[in-house]
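To keep things clear, I will list the structure first and then write my remarks on it.
As written, the chains take the letters A, B, C, D, E and F, and residue 1 is the first residue of each chain.
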Amino acid sequence: MKYIDEYRDAEVVRRIAERLAQATTRPWTIMEICGGQTHSILRYGLDQLLPEGISLVHGPGCPVCVTSVKTIDRAIAIASKPGTLLAAFGDMLRVPGSSGDLAAARSRGGDVRFVFSPLEALQLARENPHKEVVFLAVGFETTAPGNAMAVRQAAREGLMNFSVLVSHFLVPPAMEAILASSGNRIQGFLGAGHVCTVTGTEPYLPIARKFQTPVVVAGFEPVDLLSAILRLVQMLEEELVGVENAYGRVVEPQGNPAAAAVVREVFEVADVAWRGIGVIPASGLVLRESFREWDALRKFELGGVDTADDVRCRSGDVLAGRITPDSCDAFGRECRPEHPLGAPMVSGEGACAAYYRYRCSSAKPFSC
Amino acid sequence: MDRHCPLPLENHDTVQLAHGAGGRLADELLGKLFMPLLHNRFLARRDDQALLPAFSGKLAFTTDSYVVTPLFFPGGDIGSLSVHGTVNDLAVGGAVPRYLSAGFVLEEGFPIAELERVVRSMAAAARECGVEVVTGDTKVVGRGQCDGMFITTSGIGELRDGVDLSCSNLRPGDRIIVSGTLGDHGIALLTARHGLSFTGSALRSDSAPLHRLVAAMLDRYRGVHAMRDATRGGLSAVLNELASASAVGIVLQEDTLPVDSAVRGAAELLGIDPLEVANEGKLVAVVPQGEAEGVLEAMRTCPDGTGRNAALVGEVVQEHPGMVVMETGFGSRRIVEMPLGEQLPRIC
Amino acid sequence: MCLAIPGKVTSIEKENGLRMGLVAINGSMTRACLEYVPDIEVGQYTIVHAGFALKVIDEEEARESLEIWKGLLGE
Amino acid sequence: MDRHCPLPLENHDTVQLAHGAGGRLADELLGKLFMPLLHNRFLARRDDQALLPAFSGKLAFTTDSYVVTPLFFPGGDIGSLSVHGTVNDLAVGGAVPRYLSAGFVLEEGFPIAELERVVRSMAAAARECGVEVVTGDTKVVGRGQCDGMFITTSGIGELRDGVDLSCSNLRPGDRIIVSGTLGDHGIALLTARHGLSFTGSALRSDSAPLHRLVAAMLDRYRGVHAMRDATRGGLSAVLNELASASAVGIVLQEDTLPVDSAVRGAAELLGIDPLEVANEGKLVAVVPQGEAEGVLEAMRTCPDGTGRNAALVGEVVQEHPGMVVMETGFGSRRIVEMPLGEQLPRIC
Amino acid sequence: MKYIDEYRDAEVVRRIAERLAQATTRPWTIMEICGGQTHSILRYGLDQLLPEGISLVHGPGCPVCVTSVKTIDRAIAIASKPGTLLAAFGDMLRVPGSSGDLAAARSRGGDVRFVFSPLEALQLARENPHKEVVFLAVGFETTAPGNAMAVRQAAREGLMNFSVLVSHFLVPPAMEAILASSGNRIQGFLGAGHVCTVTGTEPYLPIARKFQTPVVVAGFEPVDLLSAILRLVQMLEEELVGVENAYGRVVEPQGNPAAAAVVREVFEVADVAWRGIGVIPASGLVLRESFREWDALRKFELGGVDTADDVRCRSGDVLAGRITPDSCDAFGRECRPEHPLGAPMVSGEGACAAYYRYRCSSAKPFSC
Amino acid sequence: MCLAIPGKVTSIEKENGLRMGLVAINGSMTRACLEYVPDIEVGQYTIVHAGFALKVIDEEEARESLEIWKGLLGE
């Protein structure tokens, strides 16, 4: 596969790892902000290739993981109403709400479908004129253009039986919140490559400067990730602060202006709550007033749905990089992929699930 | 005019509840559709059971229900699948498949023409596999009480002498062989169900009978330790079951795993691991080290081509009993978990 | 987050007023909205996320950066 | 902590799609529910097929799918029914039932507690019938794609020496025997489905295994000509099939037909003929005239009581081949037609 | 069964038949107006017990058979709409409309249920508040009180998702139409016992007088039927004209006034079309204006549904007693219970179905 | 038309404002609306059509007429 296989070349990976070992003179704590990168790192065992001193901390970069329990509960409430159809991305179906997940709601008779694209949800609305079709529009900056396009298209077609339940997050405010938190250990960031495809690299410059923390935008393949880590370690060792781009084939400094424009047309910035973390100012997107007719929150009476996280779940600490998943007491015990307590155990990108799935070396509760 | 001659079946172009109620319409379905297409001397008796000739040795007996969506998919349909799947479960038990039964559950309103297409496909598959569908049953349920059609086939096969295949037979040092590319069926079905997003793909189910492949393998080396077809849950599920049943570890070499390039592409896009995806024409064999190359050779040269992409993909170890570990091309290792269940594509 | 996979655009058409394309990822085809890559042409590679093409892949840049890493192999 | 020990099943109180996807939840359902309840040495191998010991003679092989609504009904449930039905199809073929397979199709959201109740009932029925459920399969389909649960069982039995039962064996002069009251199952189910209109009735399904009754009959007279269990379509369907297959006529005496008084009451109210209604524990036997009384006697005294209401109800004639005729108590005659199919109650 | 078994006593039946043979000196043509009686006659082979000269002609007394194709097509159209549930008596499901029957509509996805009682249909409406539940209210005078009660009860409960598609017929106008038709052969009537339970015997007196045709109200059991035939033959032989009651345990002269009152409250008399016969003045019931909110015809847009009978079907002649079913060319060939051309082949009470099912002696197309 | 079967009322209750009863037909029970037989009591026989009791059976009349026919047997 072009643009994939080249970046999985074992020999190149080995050479970069050697370089990295040479470049590292001191311990460094690095966060990959993006759950997709966490997934790649653990799938390829890249953490096993790093020199002793480099600690990778897994960030909150998975919209599935940080979507609030309240949003899940609302989606379940909508799906459970007669005459509604709730469409969601596949990985949303097993995210636990306060009691059960969307898959369970489906098994109780709710019409829940998974879609690959927001346009598939739109098509469901066209094909089911007698149903209210609600799309659970979750995402970071990467997914926002697609979700925005679906809403704008519904408006253009006058498709009134379509609406969206929005759960949209922005990465830079979360990075700032992590760096500003007491006890922060993060010394450098791997930037989320596909987020930057849309936003460009510019939004990270003020953060890098304010917190004196270098950022290297990284891709998702082993070569991409290791080379970005190498560059980040070089910057740390040389005490360079700034934003560099190690994913140039897909990320440009100014991002994708066409995409950003449609996002701005449909959404506006708001304070939103991140699951396990809490409210972060100006860290999310909500529908603009001009698209209120496609807002599921206005269409449906959802009073009373207001619930909190499971107290045993330390996803806040995991997502903020304060602990690794295997430091959570519930990890591998009460909390497992088939019965997750927290969202990070659900998504393939969730740090806890990736740990559980791939880590041979995590001491507890098993080893190989 | 013969009072019992049924009306032409064309008078009903869809299945009616009455077709399953044991009266005249049920009779008609049997006489005009099932019997002519699946004809053999057992069915011709029109009794409630087939009377089979005596077998000389042990029998293998198996059953599976087929609930695939869509019913017709690239590379096959529920009819051929329901023959292949049951033939394969007999074959990987070391048996020569002989007789099948077929139980149909049909949804009221199901097109008779599609039913005929399914039964025709079943008949062709049975002929290819050298088995006969000797007894059957049809039930019809109300609209909305079944998703078009379900088929349950059971199979009887004759066990080969001197064969002892079991999932608890694995020994450290044994080699793991897979018979071909992984994940074809599951990925083809998932994308076929979402035609809006996937269109014009080269993805095809691998649905195929493995009885000739198994014959070639056992002819080469009768002492194969274990064999399974890697259906639901894919290679991951089979290997975890084998490791667990034999209390041994398994180590796979990632680079050796055969995956079709189109399947790999779709799997990357869906965020799904082809190792966890169902196959319908692939088996896993566990063979003592010294015989592995010979068995592999027999598979690759099996004339029906079902083993042409066979590969040696790993080995059985004493360490980490019950656990399957993948060695990456980078020298790192990760766990290959028992899949949880339903394959949900990831988007983020 | 944000699983996005590179693939090659093999055809382009209008549908419901949107620019849509088929994108080949090996022998696999996926349908993607091309509104955000307005200049893309058949034969070019793009990165697809949740049914949307988000960027034409910069082949030049890709070749150059990869050459640097391949260069390590000679060392 | 054992990494593979599954979570307690109680964590899911309903069936999830993942329970049918061949991964960890499927494993759990097998290990925690099916295997403990149906336990036997074949299932314990956890392989894809059961390996059965050799048989000395011919085998009988049969299959049926069970789609009954409601799943639990007065007198039985789908679990026991799926054992009785298949055991009976083996028994009326003259075989001693030995092994069953079971394929489950479950609807997502189906309560695990009810599944357990069904499997428990199945296990009890199998024990009573002296058969083992040696291989099985479970599929889960989405909500609304199946009506709770369907079961397909297949059965293997050992054919008795010297027995030759077939629906084409009828000879003029033969006597028709039914083993007991007619229509109990179908009427009980129809009224159970319409609880609002029928409540507190004494109607019960006759679901019961007939292998002991058949043994008693064949022990008395091995030369019985034909035997059928009178399931869907009732006595009417069976007799029409027999008459047609043997190209003979059948004459019934209306007064001799055993019908339970509660069933008769409900049938009158519904405008349905109990002769056209399904039974699940009744058989029809065709016996040469001279042996009919002896066979009847053996049935009536069969210790399990399944033949206590057995009755001689008619005879085979040369006239009107393929046709079944009823002689009323008034000396008039009418045709007993092959039922059309679905039993629809009349109101006017 | 009390009140049933006594009336099936073979010896009593034989004695009455003997009496009948003695009483009959000339040929008589008698119509049993009621399809239920046709059914009993053929089920018990009572026609085989009659003396040579007595011809029984089967009347149009089956509401299933005479419900118009248009009504069936309307019911199918309603059942096929999304969000509707059509409830009907079991025997309505296989009555052919102009293309297919309600069972076929169900097999195409229409929600069609059969019920034993109109109150079951009402209960379906209570249990399915999100569906429009329509009850196909067919019947003669016997069924009208139950159907009327369901409507009145819906009104009392304010059950607005319930409505009825009415197809109600009255027996006396049909008897008059038969007697008035050219070529009429009927010399005496067996009155429909259960119709008379509601109406009493009085409505028949003017008809008997006007057409000089005796009427004997009959029950449904062999003793009931044969004894009524005996009495009718006696009246014919003695040239008595009038109405007599041979079903006294269930029929009183004044009928059931409580039932008649509710029927009058809900329905009013109208001209209606009988399938195969055509419009007969004042021969049916329709909903009164005060119950229009429960009238399915007003709730649903059913324009364009207006269709005619199959030309091969001679049900009009059969229902009017002009021919017996086996005189129809289609009988047993194109027209059979599994593929009926006309309604009388559908219902267990339909003359053609009863002939097909029970008659050994009908010469064509088979005999025994 | 109008299948109507005799049965014995075994219990009476009010439901949704209607007088309803259970009617035994041999061992079979059916639920019927008793609004049209307002005076009926438990133990009496009625004739049931489509879920409605339409008439209390006149036991006296039944006995008398049957006796006439039974009388034929003695002849």
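Basically, a contact is a pair of C-beta atoms (placed from the backbone, for glycine too) under 8 Å apart; a residue touches a chain by one contact, two chains touch by 3 or more.
Quantities reported herein were computed from a predicted structural model and do not represent experimental measurements.
Counting hops only between chains that touch, subunit B reaches subunit F in a minimum of 2. Sorting all chain pairs by how many C-beta pairs they have in contact places B-D at the top.
Note on chain placement: the centre of subunit A and the centre of subunit C lie 21 Å apart, centres being C-alpha means.
Subunit B and subunit D have Cα centroids lying 29 Å from one another.
Mean C-alpha position of subunit A lies 72 Å from that of subunit F. Chain centres here are Cα means. That of subunit C falls 60 Å from that of subunit D. The multi-chain contact residues of subunit E, meaning those touching 2 or more other chains, are 1, 4, 35-36, 62-64, 89, 103, 116-117, 119-120, 139-140, 142-143, 338, 349, 366. Among the residues of subunit C, those in touch with two or more other chains are 1-3, 5, 25-26, 30-31, 49-51.
Shared interface positions of subunit B, defined as residues touching 2 or more other chains, are 3, 16-18, 24-25, 142, 144, 196-197, 261, 264-265, 268, 271, 323, 340-342, 346-348. Inter-chain contacts occur between A-B, A-C, A-D, A-E, B-C, B-D, B-E, D-E, D-F, E-F.
Across the complex, subunit D is touched by residues 1-3, 5, 7, 22, 24-31, 48-51 of subunit F.
In the complex of the two chains, the subunit E residues touching subunit D come out as 1, 4, 8, 10, 13-14, 35-36, 42-49, 62-64, 89-91, 93-94, 103, 114-117, 119-120, 123, 138-140, 142-143, 222, 337-338, 347-349, 356-360, 366-368.
By the touch criterion stated above, subunit B contacts subunit C in their complex at residues 191, 196-203, 260-266, 268-269, 271, 346-348.
Residue ranges on subunit B touching subunit E, taken from their complex, read 1, 3, 7, 11, 14-18, 24-25, 108-109, 142-144. Of all residues in subunit A, those touching subunit C in their complex are 1-4, 6-7, 11-12, 15-16, 19, 34-36, 61-64, 89, 116-120, 139-140, 142-143, 145-146, 149, 153, 156-157, 192, 194-195, 197-198, 220, 223, 227, 248-252, 256, 258-259, 262, 349.
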